[in-house]
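There are two complexes below, and they share chain A, which is joined by chain B in the first and by chain C in the second.
Showing the complex of A and B:
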């Protein structure tokens, strides 16, 4: 049970934190149409985190709002990548591409999970994730081959983001148990699939990937060890909720 | 913050210039026409346009710009320049009375999607598909095939292979849309909540 909860928390926390980060672009997107699309996907992520917190609630954890708004940074299991500030749009796009590629593959694997509620959710949100990766891949392919400025910006952001992206696959203490019980095939398998997919898209652009062995993953997020960027995000996200936690919305 | 969207920056007129100069060309992307199928079995209808650098990005951006709220089953986009339009008529005159027979050609025929405007101010609706070698021939063929008793005010002909269609695998893009009540303003029942709040506090 602990292994399952840990898995659910880390996926849900990733979606919540990145959903919030991406929503910070609302009103500031580079194009009206893109502002709408990026905001919409941010909403999807928060919706997906809600569904996962609901599954956790059914397993005896506290209600989704309490779990989302009342924990401190060191109780969050998200990877560091998703909590980093938005920076410029090139970084947000690269993070969206690297993270959503992993998330879509993760849910593809979870569609086969022996834990039915998770398998059902994975099948249900397949179309949402298909759009997120279509959006990311189309933008990366376009801007990754467009002008010197767009290629240089994306390359710099890619180089910066890759160590954090590998942190997505920080292994859980319960990895063997999850695999043995058929709940999730494990971070190692996911990482291999992700590398293959990422290479497939990047090679269609003028961007390049370094040798994977030269990158040291930045980990700790899954254990609650975060950067100074997470707590201010949580404070802002929960500001209204904390004024009156019992309010009905 | 200065927007990266040139359309937004243009909202601020340049009041510092003193000399008389020709109006500069607009720095913005081209337009793409967006068509949505609201339900299986229903015809596609024209919804509007998006600005985009190419056809694929137009599809990606149109998906959220036009289909994030109401349920639908399919979407497609086409470059505005690939939409051939007939003249527009008024009153009882159907536009098909103006479409003349094309000159006979030996060119290879290709498929065209035909759209009708049945009421001024409404959206163009998909009428069907015809085979033709030119847009004019497509409209003439459409006149024989779909030129019904209804008055049609305007016709569009779009080469099918110019369209970015939704692929069969992408049909699941809208699967969770019916559950996204948070995008429907009426679902918040703001009026009811305000009323009960006022009753409680009076």
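Showing the complex of A and C:
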């Protein structure tokens, strides 16, 4: 049971935190259409995290609002990539591409999970994520082959983000158990699929990927070890909620 | 949201002599209730005034997204957070629709946004005020949107096809915003003492800007009369303000809140609301740039435009052809 909960928490936390970051683009996008796109993805991701926390609640954990709004940074198991500030649009786009490529593949795998509530939810989420990867791939291909500035910006952000992106696949202490029970086929398998997919898209642009062996993954997020960026995000998120957690808003 | 009362001053009409036959045919179409479409002949004053009006409305949508948008990351609980993102996203979508409608009249989105940033064109004055608390965001969602719906339902009966069609879609979405805003306020009203107090303070802060929202009493000039005849302007500012008070003052009082205007009451003889004139000097001062948030709002917009320039340039340089919208 602990292995399943751990898996659900890390996926839900990823979705919530990146959803929150995406929502910060509302009103600030480089063009209205992108503003709208990031808001849409924020809604999907936050909605997905809610559904995952709901499964956890059914397994005996606290209610979704309490879990999302009352925990501290060291209780979150999201990967570090999603908590980094939005920065410029090039970083947000690259993160969106790297993360959602992994997430789409992860939910494809989870759709086959032996834990039925998760498999059912994953089949629904897969459909939503298809649009996220479609969006990411379209913009990576366009901007990754357009002007010198757009190519340089995307390349720099890609180089910066890759060590964090490999941190997505930080293994949980329960990896063997999850694989053995058929709940999730494991981070190693996911990572291989992700590398293949990422290479396939980047190949169609003027961007390039370094040799994977030269990158040291930045990990710790799955164990609750975060950067200085996560706690302020959580403080902001819970600012009103914590005025009176017993109140209904 | 978020279109407020429009200001109709300031367009020079001397040079706008029109062909009398074409003008008569145009006016006859409007009298018959027909819609004017982008390819149709129209008087220059009609075109200019519509561009100004739709553009102001579009700007109000994107600037209006800012005070509420700051509460997305702080919304209390999943339900509110999801609804507020969706709502603000709708508003940005409205801007997109409206810029497209205005583009059919011959001004590009880029030119309109440039005019917004340089302060040449205006937006709804109410967004120059800050949303200090969650209750302020709730006030905007419920009552500012309510005011905007009053205006927009009137304008949706206007004569310019693309604007009317955009407004019909916008009003359908706004009705959900109104429900969301009202729902938030009911929870504050029936919540703890602190929650009630938060919303009372929001009313106290926002009442004057809300009264300003519909614009100053219209001067009955020939100019205004022509615009009403052409169904560009559909209702007087006082009429829309009165309609708003009629619909929403009882609802606010019903929830047990007070409104900071001792004179506010419905006059049984005229059937209209008596109220203290809001400070119109403040209104003029704020609309001309000296409000609590004018600089910040435009600065945010300017920075967003500048930071996004490389993206727009890159998109233009790739093989994507620009298509003139046909609203």
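Following the convention adopted for this analysis, the second predicted complex is superposed on the first by the 248 of 249 C-alpha atoms of A that agree within 3 Å, B and C clash if a C-alpha of one lies under 4 Å from a C-alpha of the other, contacts with A are read in each partner's own complex, and residues count from 1 in each chain.
Everything that follows uses one rule, which is that contacts are C-beta pairs under 8 Å (C-beta built on N, C-alpha and C of every residue); 3 or more make two chains touch, one makes a residue touch a chain.
Values in this document were obtained by computation on a predicted structure and should not be read as measured data.
Aligning the shared chain A places chain B and chain C in steric conflict. By the touch criterion stated above, A:89 is placed in contact with chain B and with chain C alike. In the superposition on chain A, A:56 makes contact with neither chain B nor chain C. In the superposition on chain A, A:166 contacts neither chain B nor chain C. In the superposition on chain A, A:47 makes contact with both chain B and chain C. Touch criterion met: A:128 reaches chain B, while chain C stays clear of it. Ranking chain B and chain C by residues of chain A touched puts C first.
When the two structures are aligned on the shared chain, A:241 is found in touch with chain C, with no touch to chain B. Residue contacts after overlaying the shared chain place A:142 against chain B and chain C alike. Once the two complexes are laid over each other on the shared chain, residue contacts for A:32 go to chain B and to chain C alike. Clashing C-alpha atoms between chain C and chain B turn up only in stretch 115-123, chosen from 43-51, 115-123 or 259-267, once the structures are aligned on chain A. Across the superposed pair, chain B and chain C both touch chain A at residues 28-34, 36, 40, 43, 47, 89, 142. Remark: chain A residues 20, 23-24, 26-36, 39-40, 42-43, 46-47, 50, 64-65, 68-69, 88-89, 142-143, 145-147, 149-150, 153, 233, 236-237, 239-241, 243-244, 247-249 touch chain C in the complex.
Every residue of chain C that touches chain A in the complex is listed here, in rising order: 62, 65-66, 69, 71-78, 80-82, 85-86, 88-89, 92-93, 95-96, 99, 134, 184, 187-188, 191-192, 194-195, 300, 304, 307-315, 317-318, 320.
Interface residues of chain A facing chain B in the complex, by the touch rule stated above, are 28-34, 36-37, 40-41, 43, 47, 89, 124-128, 130-131, 134-135, 138-139, 142. Those residues of chain B lying in contact with chain A across their complex are 1, 3-5, 7-8, 29, 50-54, 56-57, 60-65, 68, 169-170, 172-176, 180, 182-183.
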